[in-house]
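Note that chain A is present in both complexes that follow, paired respectively with chain B and with chain C.
Presenting the complex of A and B:
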C-alpha cells in the first residue's frame, strides 16, 4: 500500500533547544541561513501589576514548534514550481531535483511552513528529504534521532494519527487545509488554535 | 490593579499570511548571509560521500564541558576531519539505560573542533597584555619561557605566588581534567615543584558551597530527579534543568520522563519563564532576583501563623527554629520563629505583605503557596544555583534549606533537602595529582585582589583559608581550559586593568581556542581538543544512571597543538621533574592505568580494548533514587550531621561568631539565621534611581558558560539577545530587534533586545557566557554580562554575585 511518512511532535515537552535543527545541519552540511528544520517560539499573554503593593503576576504562555517539511498531501511548493523540480515521490517524500531547479524561489514564497530553503551558493532550492538515505538503512531521520527530550518522532502518518490524533491546527502554524501536512501535534497545554492565537512569534530572526 | 498587554513584534494576527512573513524573514536572512557567513570555516565535506584517503570511519569521543553531563558523541572521520556527529545509538528511550543523546552543543562539536578561532602554534605576547598581539614561537622556546618565568617567580616570591585559575572547559576528563584545580595535570606538575596557591569553591556554587557546612555540616544534595515520581508537589527555586542540564541522557531527560509518568504538580520560582517553566511547570511564580530569602520568610509566616509547620521534625532534627531549641549563648529572640514573627532584633513581622513588597510575588499567592507546600506530602523543595549567585546568596540558599525543614520532608522519598538534585555516581579512580605542599587558599573569586593587594588579605578580611594571611602576591597564573581569567570573572574592564598592571606577572594560557582569556596570555600554548586525544570521560548527572565514555583519539592533533599532558611534560622536562611527572607513562598509559584501577572498584566496567570498541559503559543505580539524609532521618542520634550540634542548624552559632569577628565591608552582613538581607544593588538600593533595572545572566542553550560561544551553527540557532519585559521596553521605546545599550558604572554592553513577557517587570537578563568584544570606545559588542557585573564578593563565601547588578537600558 502507498506509504506516507510524517512527523509527530509532543509540544508540551519541547524546550526549544534546537538539537534537531543542528543535527539536520550537521547531517546535510547546511551553511548559515539554510535551515531545513527550524523551531518557532510562540509566546503571549499579559502581566498584572499592583504598583501600590509592589507586586506583579503573569498570565503568560510560551511553547515551541519544531518544523521542517511536512511532505504535504497537497504540496503547494509542487503546484507552483514552474520546472517540475519540486516533486512528490512514490514514498510521499517531497523533494527538489537540483538539476531542474532554476532558483526562482516561488516554492519558498508559497510554502506556509518555509520548508524550501534557497541555497545562495548553489543557486537552487534545498529542503528536508526526511533523510531518505538514513531511512533506507533503517535509521531514524537525523532530527528525530537527535531529540534530547524525545518529543520529535516520525512514522507512517496513519499510525501516528491513530495513536496521537490529527491535530496540526496549532498557532502559529497555518490552517492545515491549505496543504494537508503530514504532521501530528500533541498540543502544549497552552497551545492556541490556528488563526485564533493571541500570541506572537517571538524569535522571527531565528526562523 | 493595572494590566499591561505586551507589545509584540508582529502585530498582525497569526494567519497564513504572517507565516509567509516568517518565511520571508528566513529567506531574507539566507540571502543576506550567503556563503561569506562561514567566516573562514574549513570546508565541510559531505558526511557520507565516498572519498579516497582512509575512507569514513566512526570513532567514539565525548563532549566534556561544564554542563553536568559528559555526552558521548560518535564522530564520522574522513581524511583527518570530523565530517559528522551522531549521538549515542545504544539503549532506549526510557530511564533504564537510555541513549545519552547529546544536546544542541554536542551536536555542533565539529564546528568547535574545526573552528577559525583554533590556536595553531605556541605564541608569545608582543603587544600590551590583552591586545591580542602575539608572535609565533617554537615549542622549545615556549617551554623555556614558561620554565624561566616559573623559576623566577618561585625564587622571588615563593610557591604561593603561583596560582591555578578556575577552568571547566574540559570537565569530567581524567588526564585532561581541568577542574577542580587540584585534580589537574597542572596541579601534579606544580606539586612536584613545591606547590601552588589553591582556591576553594567555584563560580557555579560559591555561596551555597560555603553555606552548606554551617547548615548541614557538609554539602548535601536533594533527592535525585528520578524520585520526582514519588512527590505530590515539586517546588523549584531557580532550578532550570531544561537549560542547565540539557543532555538527552541527563537531568532534562530524567525530569521529562518523571513528569510524563507522574504529572506531579510543579511550581517554578524564577525571574524568567525558563524552559523548565515552559515544559514542566504547572505554575510559574516570577520573583525579583536577590529576594528568595524574603519569599521563604513570608511563606514561613503563613505556616507559623496557621501552625502548618512540621514541629515534631523541627524539634527533633533542627537547631534554632524556635526559642526552645537555640544553642547555649544565643541571644533571646534569635530563633527563626522570632525573626519571622517580628520578635527578633529587627522587630518586623515577615508577613505576606512584607514579603510581597520585596519579592514582587502577590501576598495572596504567598499565602496560597505556603498552605499548598505545607499540605503536600511528600513535597520536594529544590533549589538551583541561580538564587545563591547573589550578594546575599548564602542566606538565600540556607532559607530554602530551612523551608524544606519546616515541612519535614528531608530524607524521605518524594521529599528533598532544599539542595539541588543528587545523581547516582559509580566508584571510579582518578589521575593522581599528588599533594600540594602549600595549604593557603583564596576564594575562587577574589584571586584578582591577590594580584594587587595581597598584603591586606587575611582570614578575617578576605576569607583566606589555610593560613592567617597571604604572604605573596599572585605573580604566575596557569589558566588551563578556562575563561574565568577575564570573560567569566566579573567587571571585565576592572579585571583587565588589574591584569595589565604588574610587569612581573606571567600568565600562561593552555587552550585550543582564542578565547577572551587567551587574548590576555603572555605565553599561549595550543591544546588539543577532546577528539584529538584519548581520555576517559567520567559520568555526568543523570538521575539513577551512571556512565563512562572512552573518548578516543578521532583525529590527530591539528597544526602544532598538543594535549595538555604532553605540554606539561615539556615544562616538567625543563624543570627537571619529567620522570616524576610522567612515571614513564604516556597519556594512553595513564588512561589504561586509571581504567584498571576503576575496574577494581567497579568490576563491570570493560577493559581498555573492549571499551575502546564499545565506547560507552552504563549502569543503573542498584538502589534506585538517591535520597540524601535518609539515615539521619531514620536515626539522628546514630547518624548525626557533622554540624556542631549534629543537627540541621537553622541558627548557626558558628556564623554568629563570624558575624562578630570578621572584618566586613560597609553594608555586608553575615547572619546566624537565613534572614533576608538587603544588599548593594539589590531591589531596595537607592542606586535604582540611576540604574532602575535588575540584571541577571541566565544560562543559554547555545553555550556552556562561554564554551561553544564561537560556533556559527549555535550562534545562528540562539542569537545573543537581552531579555526585557514589554512594560520596561515600552517605557524606553524599545522594540524587539532594536539595538540597546545596557549600562552601569562598570561598563556598557551593546546588544539586541528581545522584548518578551517571559521575564519579570524590572528585570533584564543577558545570557551569560558571550565573548567580550570591546570596540575602540570600550563598548562591549560581544554582549558579555560580566562587562556589567561586580567584583565585590559576597560576605561569607567571598563568592561571585554575578546576578546582583543594577543597570539602565537605552536605545542606541
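Presenting the complex of A and C:
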C-alpha cells in the first residue's frame, strides 16, 4: 500500500479543457453545485513600454490549474472538524464519513482549496476520496484517466517529488506551508508566485 | 446586508450576553454583599439570574439550525483533541449545566451561601473560557478577517457590554414589577428602601462599566479595519469591502455610542436621584440600542468571511 498518494499536474500543457472535472462529476454522480475537481483559469497582464521606440506591448498571461483535494499532510479540514468525520486514512487519503458528519461546514470554511463541498440535499459534506474504489481495483482515478493531454497524474508523492520537483506555490493557490498539500505542479512558463496578486480568477462561478 | 449565518449570529450573541450577565451579576453580588445582607442582595439579583438559563438554552437550540445534519449531533464532541468547535460546545454545555445547578441551589436555598458563591465563581470562569473558546473557533489561518487578536477581544467586549446592560435592564424591570406588586399588597414601600439603594449604586457601576467597554470596542474596531487594509491579500481586501459596504458600520457605531456611551453616562448620572420611571426608560433603551448595535456588528463579522486561496 502507498504511504501517501498525491497529484502531479504538468501545468505547461494543460489546455483547460475540463475533461477531468467532468469525468469526476460523472463518475461520482455529483449533484448541481458540487464539483470536487475544478479547473481554475487565472489571467492577468500588464504593459511593457519601450521608450526608445515609443511603443507599448501587452504582456498577458492565462494558465489553468486543475484542483480537487490535495490530501494534505496538515489537513486543516481534519483539524477543525468537530466530529472526526473528516479524517486521513489509508494511503494518506483524506475523506469524509457521512455517517459521522453533522454538516457544520467548518471544513468548507477552512480549506483554502475549496475541496470539501456541501451537499444540501443530504445535509453533509462531500469531497474527493481519490477514487479509492478505482484504486482498489487497480485503476486510475477518473480525472487522471480522462485527461486527454496526459498532464494530470497521481502516485506516491515521494516518487512524484523526486521526479518532478516540489512546487505548489503557484497563484492563485495558497501558500503550501499552510496545509502542506500532496501536490506537485510543474509551473506554466507564465506562472505567477502565490500572493503575487497580479492576476484574477476569471471563472469564479465554476470554483 | 444578507444574513446567511443567522443561527451563528444569534448563538454567539446570546451566549455571550448570558455569560456577561452572569459575570455582571456576580460582580454586583460580591460588591453589594460588603454593605447589605445576603437576603437583600438576593432579592435584587435572583430575578435576573433566572432569566439567564432560558436565554442560554435558546442559544444552544438555535445553533442547531446551523447544522445540515443534526442527526449526528452527538459526534460533535469527538474531536476535543484538535477542534475548537468541539471544545466550544463542551464548554458551552458545562456553563449551562453549572449555571442551572447554581440557580437551582439559589432558588431552593440549598447549600451555604459561601458554597453557592464558590459554585457561581466556577461557573463564571467556565463561561469566560467558553467565550474565549468561541473566538478560537474563528481563528482560522485561512480567513484573514477572523484570524486576528481582535476577534477574541471583540467577543469579550460584546460579552461585558451586553452582559452589564442586560443586567441593568433586568434590574429596573424587576424593580418596577416588585414596586407595583408591593403597592397592590399594601406593603410599606420603606421595606424596599435597601433594595432601591442597591439598585441605584448597581446602575451607576453598570453605566461606568458600559462606557469603559465601549471605549475598548471603539479602539478594537479601527484596529481590525486597519489590519485588513494593511494585509493586502485579496481575501482581506474583500473582507474590508464587505465591512464598509452600505451604511452598516456607521449605523453600528452610532447605536453603540448612543446606547453604551450617551445613555450609559446619563444612567450613571440619573441613578443617583432620578425617578424610577426615568431609570427604567434609560437602562431599557441603552440595552436595546446596544443589542441592535452588537447584532449589526456580529452580522458584519460573519459577512467579513473571505478565504485565501481558491
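Definition applied: the second predicted complex is superposed on the first by the 193 of 207 C-alpha atoms of A that agree within 3 Å, B and C clash if a C-alpha of one lies under 4 Å from a C-alpha of the other, contacts with A are read in each partner's own complex, and residues count from 1 in each chain.
Everything below uses one rule, namely that contacts are C-beta pairs under 8 Å (C-beta built on N, C-alpha and C of every residue); 3 or more make two chains touch, one makes a residue touch a chain.
Owing to the predicted nature of the structure, the values given are computational and were not obtained by experimental measurement.
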Practice task
With the two complexes superposed on chain A, say which partner A:40 touches: chain B (first), chain C (second), both, or neither.
Solution key: both
Practice task
Check the residue A:81 against both partner chains and state whether it touches chain B (first), chain C (second), both, or neither.
Solution key: second
Exercise for the section: Give one of first, second, both or neither to describe whether A:103 is in contact with chain B, with chain C, with both, or with none. Expected result: second
Practice task
Classify the contacts of A:173 with the two partner chains as first (chain B alone), second (chain C alone), both, or neither.
Solution key: both
Exercise for the section: Kindly classify A:123 by the partners it touches after superposition: chain B alone (first), chain C alone (second), both, or neither? Expected result: second
Exercise for the section: Name the chain, either chain B or chain C, that contacts more residues of chain A. Expected result: B
Practice task
Tell me which partner A:29 touches in the superposition: chain B (first), chain C (second), both or neither.
Solution key: first
Problem - Partner chain in contact with A:112 - chain B first, chain C second, else both or neither - result: both
Problem - Touched partner set for A:155, first chain B, second chain C, both or neither - result: neither
Exercise for the section: Once the two structures are superposed, pull the chain A residues common to the chain B and chain C interfaces. Expected result: 38, 40, 105, 109, 111-114, 118, 120, 172-175, 178, 195, 197, 201, 207
Problem - Complex contacts: residues of chain A adjacent to chain B - result: 12-19, 21-23, 25-27, 29, 31-35, 38, 40, 42-51, 53-58, 60, 62-64, 105, 108-109, 111-114, 117-121, 133, 145-150, 171-175, 178, 194-195, 197, 199-207
Handout entry: chain A partner contacts - residues on chain B that touch it in the complex
Key = 1-6, 8-10, 13-16, 18-27, 29-35, 37-38, 44-48, 84-87, 89, 93, 101-104, 107-108, 110, 242-243, 246-249, 252-253, 256, 259-260, 273, 275, 278-279, 284, 286, 353, 356-358, 360-363, 365, 701, 712-714, 716-719, 725-727, 736-737, 754, 756-758, 760-761
Practice task
Provide the residue numbers of chain C that touch chain A in the complex, in ascending order.
Solution key: 66-70, 72-73, 75-79, 82-86, 89, 137, 140-143, 232-234, 305, 307-310
Completion exercise
As the complex stands, chain A meets chain C at residues 38, 40, 65, 67, 76, 78-85, 99-106, 109-114, 118, 120, 122-125, 172-175, 178, 195, 197, 201, 207
